[in-house]
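Two complexes are shown next, each including chain A; its partner changes from chain B in the first to chain C in the second.
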Partner chain A sequence: MKIKFKQNNVLTSQEISKRFSILRTALALLLAMGIAILLIFLVSNNAGRDIRSLLLGPLTSTNRISQMINKWIPLLFTGTAVCLFFSVGQINLAAEGAFFAGAFTSTLVAIIGGIPPGLHFILCALAGGLAGAIVCGLPGIMYTKFNVLTVVSSLMINYVVLYLGLFIITNVVRDPAAGYEASYRFKNTARLAELIPGTNVHTGLIIGVLVVVFGYLLLYKSTFGLQIRTIGANAAFARYSGMPVAKVIVLSQLLGGFIAGLGGTTEVLGLYNRFGYTGLTNHGWDGIMLAVLARNNPKYIPLAALFLAYLRTSADVLNLTSNVPSEVINIIQAIIISFIAAERFLAGWEYRTIVKNTEKAMSLKEGVANE
Partner chain B sequence: MKALNHDSDTVLEMRNITKIYSNGFVANNDITFSVRRGEIHGLMGENGAGKTTLMKVLFGLEKPEKGQIILNGQEVHIDNPLQALEYGIGMVHQHFMLVGSLTVAENMVLGLEPKNGLLFDYKRAVRETEEISRRFNLPIDANAIVNDISVGMKQRLEILKILYRGAKILLLDEPTAVLTPQETTELFKQLKHLRDQGYTIVFISHKLGEVKELCDRITVLRRGEVVGTADIDDVTELDISRMMVGKDVDLNIEKEEAKPGKTILRVRNLNYTNLFGKKALNNLSFDLRQGEILGVAGVEGNGQTELSEILSGLLVPDSGEVRIKGEPINNMSIRDIRLTNTSLIHEDRMIYGASADQTIVENIIADRYFQKGYNSKGFLNKKYNYDNTRELIKEYQIACDGPEARISTLSGGNIQKVVAAREFSSQPELLIVSQPTRGIDVGAAELIRQKMISLRDRHRTAILLFSADLTELLTMSDGIIVLYNGEIVAYFPDVKRINEEILGKYMLGLEKQSPEEIGGVVHEN
Partner chain C sequence: MSDLLSMVFTADFLGSVIRMSTPILFVALAALVGSKADVLCIAYEGIMLFAAFGGVVGSAYTGTVTGGLLLGLLLGMILIGIFAYFVLYLHTRPLLIGLALNILGSAGTVFGLYMLTGSKANSTKLGSLTFPELHIPLIEDIPVLGTVLSGHNILTYVAFLSIFIVHVFIYRTGLGLRIRAVGESPKAAASLGIDVNRTKFIALLISGVLASMGGIFLSMAYLPYFTRDMTAGRGFIGIAAESLGGGKPLLTGIWILIFGAADAIGNLAQSFRLPSQFAQMAPYLTTLIGLVLINVFREKKKVNR
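Let's look at the complex of A and B:
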C-alpha cells in the first residue's frame, strides 16, 4: 500500500509540513526583498545600482567576501550556544554577556608574555570559555535553586558583565599609550593566525565550524542531548522518567555559556590586537535570532548565520556606496526575520493542502481496496 | 418509546459530516447521524472514533470540511457555541468548565449576569439559580463555592448551566467518567426526568452497561465512520462491543489465583499534608507482595494521587516510611526508585506519561537511554533503539507511522500503549500504576490489562493499581484497599466476595471496617 501511495504521488502530512516550512522561508525572503526594493526606490537616487549592491554587494570583491566571513564566524558560536539554551527550555539571554565576558577575560591572559604559541591561545580560550560558562550558568543555577525566572536574571547579568568588564579594562589593563580606551596589546603568541593569506579571515573559522558540529552531535546524537531535548519538550515527563532535570539544565547553560565565551575569545584574538569594545557587541542577541530561525537545531545555524552575515555586509556596502540610510537595512532585516519566525504564516494554505491530500489518499485507499 | 419511532420526530440531523484535523487525521468521515425529539441517544465508540469531534462540530467548536446540520427541518450554520446555544444546543464537556473560586450562582450566570444598574445583581443570580434548580428538580446550593462541592454537584451545575441558557438538546461528553456508582445512578434518574419533560439528550460514552441502562437508541462510530444505529432493545452488550471494536472482545479477564510471595513494597504510618493544609494522607500502612495486584479504590481526591506520587518520588511525605525491597526511599531520586526495578505510570498521561512533541523512540528510551545497549560512550545507538521500538510497536499493536512518529499524532489509546510498552518492557518487580485505561478504547484497555496480568504471573511483579474504573479494579485486583479522606477505611483480601455497591459505600465514607480488618493489609511486622 505504501508503495502504491508513492507511485500516485501522495505525501504524508509530515512531508507536506516540511515542504511548507521551506516554502515559508523562501516566500518570506521574497516578500522582504520586495519590500526592501520598494524602500530603496523611495529613498535612493540611483535605485538600480543600490538594488544591485543589496543583492550582490557582498560578492563583488575578495575584501567584502572576507568581511562577510568574519561577520559569520562569531555567529556560529552564539547561535549554537542559544540552541543549547532554548532546547532545554530556558530562555537564557546571557549569551550576549558571555560573549563579552569571554572577550575581556581572555584579554587578561592574552597580554601575559612568555607563554609558547598554541598553548597561549588554549589558555586564553579556557579563560574566556569559563567566564562565559559562569555568566550563563548563574541564571541556570538561580532558576534550579531558587526558581528565579531565567529570562529576567540572564537579561540583567548582561549589564553586570558589561560594566565589570569595562571597569577591569579601564582600571587594570588599560594601555595609556593606545590613544583610546583599550587594553594593552595582545601578545602575538595568543593571536589566531590568518587562515587565508592576504585576507583577514582567521583560524577562528575552523573552531566555529567544529563548535557547530559539536553542538549538533551533542544535541541530536548523544544521551545528554536527549535529556536536554526531553526536558525542553516536557520537563515533568523528563523528571518522572528519572532524568536529572536540574543537573542537565545547569550543565547545558554552563556549556552554552562556554561556547559563547569561546566565541568572544575567538573574535578578539582573531580580529584585533587589543581589547577595544566600549559596549555590548550584539552577537548574543543575533544568536537568539539565529536559534529561532534554525528551530534550535545547530545544523541550520551556519546557513542562518551566513544569511545574516550576507545581509549585514550588504548593509555596509550600501552605507559606503549610496545615500540609502542604514536604518532601511535594519528594517529589511526585521521584516525578513519576522516573516520566517511567523509559524502561522501560510497556515491556512498548508491546512487546506493537507486536507486535500488526505482526501486523495483516502480515495486511493478505497480504490486499492476495491481492486 | 415506540410511539416516537417516526422520522417526523427527528429533531436534529447531521448529514455527511467530514472533519479533517490539521495533522491530516480524519476524525469524522462522511458521518450521518440523527436524533429524535425526547430521546436519550447514546453516541458510542472507542477513543479516537470521532464522538467528541462530531459533538464539537454540532456545538460550533470545530468547523467541518463537509456536511450539513439540519435542525427541526431547517439547515443551520453553527460557527460558535453562542450560536449553538441560540439554537437550543448545549454541551457539557468531559472536563468541567467552571470557575472554582466563584459560587454556584456566579457560575450559573457567568456571561449573562443580571444587572442592577451597572452592578452585578448577586441576589438575583441566586434567586434565578434556585428557581431553575427547582424547576428541573435538580437541587443545588446556590451560595456554595464551586471548589467545595462534590464532583456530582459540579456536573449537576454544568447541566443546569446549559438549561439556564435555554438548551433543549443536551450533549453530554462522558459525564460518568468521574462519578461514583451512586452519583451515576442519581445522574441517570435526572437525565430520564429531563427526557420525560421533552428534552433531547445525546450521551457520549464507551461504557456498555450505562448506555444499555440509560439510552433509547444508540449510534456507534468506529474510526470516524458510522457503524450503525439501533434501538437499544434490539442489541445486547456483546453486539455493541462488537460494533465498537469490529471484533469480539473478551469482556472478562481470565486470571489465576494470586500466589503472593515476599513483601516488595512496605508502607508504614505515612502522613502527608498538601499545600492547602489539608491532611491528604493519614497514617497509612500497608504491604504489597510479589505476584499480587493490590487495587486502591476511592473517590477522586481522597489521597490516591498523593499516595501514588509519594511512592514514585514526586512528593515527600511529612512522616512515615516507604521501603522498596527493604530499602527506604526517603532519599531516593525518581531515577533511584526506578533503578530498584520499579516502573511508574502516572494518572496524567500527557504531563508525566509521554512527551507529545517527541517521537515514539524518544519516549520509549526516556527511562533507559543511559543503560548498556541503548548508548555507546554517551552516543545513542540509533539502530538498537529503533529495532527495539519497532518490536514494541508490534507487540503492543501501536497504530502509528513508525518509530519516528510524534506522540501528538497518535490517539489516546495508542499513546497509553506507548507508555505501557516503556514501563512494562523493563519487566519490573514493582509497578505503581494509576488509571492505566482511563479514557482509552476497549481494545487498548484490554491489551494493557492482559499485559499487567502476565507481568504478575510471569515475572511475579507486585502491582499497586489505582483506578477510578471499579469494574477494572474488581476484575484486575487480587485484594483492594479503599481510601476515604486519606485513610484506609477497608481492606478486602478477596475481591470475589465484593461488588461495586459494597465498594461504593466505603468510598463514600458511609461505612468503615474495624482496625483489625484494615490491619490485615499489613502482612509483615
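Let's look at the complex of A and C:
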C-alpha cells in the first residue's frame, strides 16, 4: 500500500510537516534579509555596495574567510552545549557564563611556565571545562534539589561569574605592562597552533568538530541520550519508567557546561595571547539561537553556526566599509529566531495541505479497493 | 571601612537606595503580572530599552514630557504585543521570542539612535526632557525623613504606589481574578467561559506598561538621556526579584529594596577603592542564595503541613 502512495506522489503527514519546517526556515531567512535590505536603503549612502557586503562580504578575501572560520569555532561549542541543555528540557542560559569561566580559568593555568606543550593545553582545557561544568551544573542542581527555576538561577550565575572573572583578572593576574586591563601573557606551550599556515585559523577547529560529533552521538546514538530526550519530552513518563531523572538532568548540565567551558578555553588560547575580555562575550546567547535553528540536534549545529559566523563577518565588513550600523545583523538574528521558533507560523496552510493529501490518499485507497 | 559604614547609614544613602530601586521595581511588578498569567517573559530588557528610547525621542521632538511618556509607552507596548502574539497565537516558546526581542531591543534602539543622531553611544544631542522631582510639602521639612522620602523623581513615587495598585488589581478586581484563573488553571477558566488567550494578552499588555515605565524612568529621570544597553540586566534582576517574592507584590517590593541597597553600596564601595566587582556581584549572589533558602523554607512548610 505504502509503495502505491509513493508512486502516486502522495506525501505522508510527517513528510509534509518536515517540508513545512524547511519552508518556515527559508521564509524566516528571506523575511529577515528583506528587512535588512530595507534598513540598509534607509540609512546607507551607497546601498548597492552595502547590500553586496551584507550578502557576499565574507567571501571577498581569504583574510575574511579565515575570520569567518574563527568566528565559527566557538559557536560549535556553545551550540552543542545548549542542544544538551534544551534536549533535557532545562532552559539553562548559563552557557554564556560557562564560556567566560572557561576562558578566565584556563588563563590561570596558561600563564604557568614550565609545562611541556600539548600537556599544557590539556591541563588548560580541563580547568576551563571543569569551570564551565560547575557554572552550568549549579542551576541544574538548584533545580533538582531545591526546585529553583533554571532560567532565573542561570541568568544570575552569568553575572556572578562575570564579576568573579573580572576580579581575578584585574586583581590577581593583571599584567601592569600590558597597557590595558589584561592578564599576563599566555605561555607559548599553552597556545593552540595555527591549523592552516598563513591564516590565523587555529586547531580549535578540530576540537570543535569533535565536540559536535560527540554531542550528536551522545544525544542520538546512546542510551544516555535517549534518557535525556525522553526526560525533555515528558519528565513524568521518564520518572514512571524508572529513569533517574534528577541524575540525568544534572549530568547533562555538567556535560554541556564542560563543552561551553572548553569553548571559552579554545577561543582565548587559539586567538589571543592574553585574556582581555571586559564583559560577557555573547557566545552563550548565540548558542541558544543555534540550538533553536538546529532544533536541538547537534548534527545541524555546524551549518547553523556557519550561517551565524557568515552574518557576523558581514557585520564586520559593513562596519569597516560603510556607514550602516552593524546592528542590522542583530536585527536579522532576532527576526530569524522569532519566525523559526513560531510553531504555528503557516500552520493553517500546513493543516490544509495535510487534509488535502489525506483526502487524496483516501480516494486513491478507494480507487485501489474498487479495482 | 568605618567611613563606608557611616556613609551607609545616612539619609542620602537611603534616598539613593530608593532611587536605584525604582526601575527594577517597575520590572518586578511587570514580571509579577506576567507570572500571574503563567507566562514567563524574559523580554523586559528589550521592552525597557524600546521604552527608554521612545521616551527620549518623543520628548525631544514634541518638546513635552507627555510626548515622551506616550511614545515610550507605545514602543514598549508594540514589543510586548509582538511577544504576546507570538506566544499566545503562534505557539512560540516564550524564552525564544523573549531572547529574540531582547536582541531586537538592543540592536533596534542603537540603529534608531544612529539614524537620528549619528551616534551609537548616547542621545545627548537630542536634548530630551526629564520628569520633574516632587517635593512633598510638610514631609520635606522633617529632618532625616524629609531627605529620604521627599525630592525624588515623580516616577519613583509612581513606582512605589504601583506596588499597592498592582496588589489591589490582582487580588481585588474581576480582571485580576480572571488573570489568576487563566494562570493557575486555564482549562477550568475556559470552562467558565473566560477567553484564556485574550485574558493572557491583556495581562501581558499591563505587564508591558509597567516594564515600559521602568525604561522611561531610566532615560527620563535616572539619566537625562538614552545610552546604548542602558538597562544593564535590570530586566533580569526584576524577574529574579519577582521569583524571590513568590508572586506577592509587597514581598517583591522588599526584595527590590534589598537589591537597591546592594546597588547603592556597590557605588559607595567603588569610591573607596574596594574591589568593585564584589559589590557589583552582590545583588546576583544575594538572589541565588535567596532562591535556594526560600525554596528550602517552602519545602519545609509543605512537609509540616
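General remarks:
Rule of thumb we're sticking to: the second predicted complex is superposed on the first by the 371 of 371 C-alpha atoms of A that agree within 3 Å, B and C clash if a C-alpha of one lies under 4 Å from a C-alpha of the other, contacts with A are read in each partner's own complex, and residues count from 1 in each chain.
The rule is short, and it goes like this: a contact is a pair of C-beta atoms (placed from the backbone, for glycine too) under 8 Å apart; a residue touches a chain by one contact, two chains touch by 3 or more.
It should be emphasised that the depicted structure is a prediction, and the values quoted were computed from it without experimental measurement.
Legend: residue contacts after superposition of the two complexes on their common chain; A:R49 is shown touching neither chain B nor chain C. Of the two partner chains placed by the overlay, only chain C lies in contact with A:F167; chain B stays clear of it. Of the two partner chains placed around the shared chain by superposition, chain B is the only one that A:N234 touches, whereas chain C remains out of contact. When both complexes are overlaid on chain A, the residue A:R185 reaches neither chain B nor chain C.
In the overlay built on the shared chain, the residue A:R295 is in contact with neither chain B nor chain C.
Once chain A of one complex is fitted onto chain A of the other, the partner contacts of A:K221 are limited to chain B, with no touch recorded for chain C. Which of chain B and chain C touches more residues of chain A is settled by the count: it is C.
Looking at the shared chain after the overlay, A:G242 reaches chain B, while chain C stays out of its contact range. Overlap of the chain B and chain C interfaces on chain A: residues 347.
The part of chain A that touches chain C in the complex is made up of residues 39, 42-43, 91, 142, 146-149, 151-153, 155-157, 159-160, 163-164, 166-167, 170-171, 285, 288-289, 292, 325, 327-331, 333-335, 337-338, 341-345, 347.
On the chain C side of its complex with chain A, the touching residues are 40, 42, 82, 86, 89-93, 95-97, 99-101, 103-104, 106-108, 110-111, 114-115, 120, 233, 236, 239-240, 243, 275, 277-278, 280-281, 284-285, 287-288, 291-292, 295-296, 299. Those residues of chain A whose C-beta lies close enough to touch chain B in the complex are 12-14, 16, 217, 221-224, 226-227, 229-230, 233-234, 236-244, 347, 350-351, 354-355, 357-359, 362.
The residues of chain B lying in touch with chain A in their complex are 20, 22-24, 26, 29, 65, 312, 314, 333-335, 337-339, 344, 346, 351-358, 362, 365-367, 369-370, 374-375, 378-380, 401.
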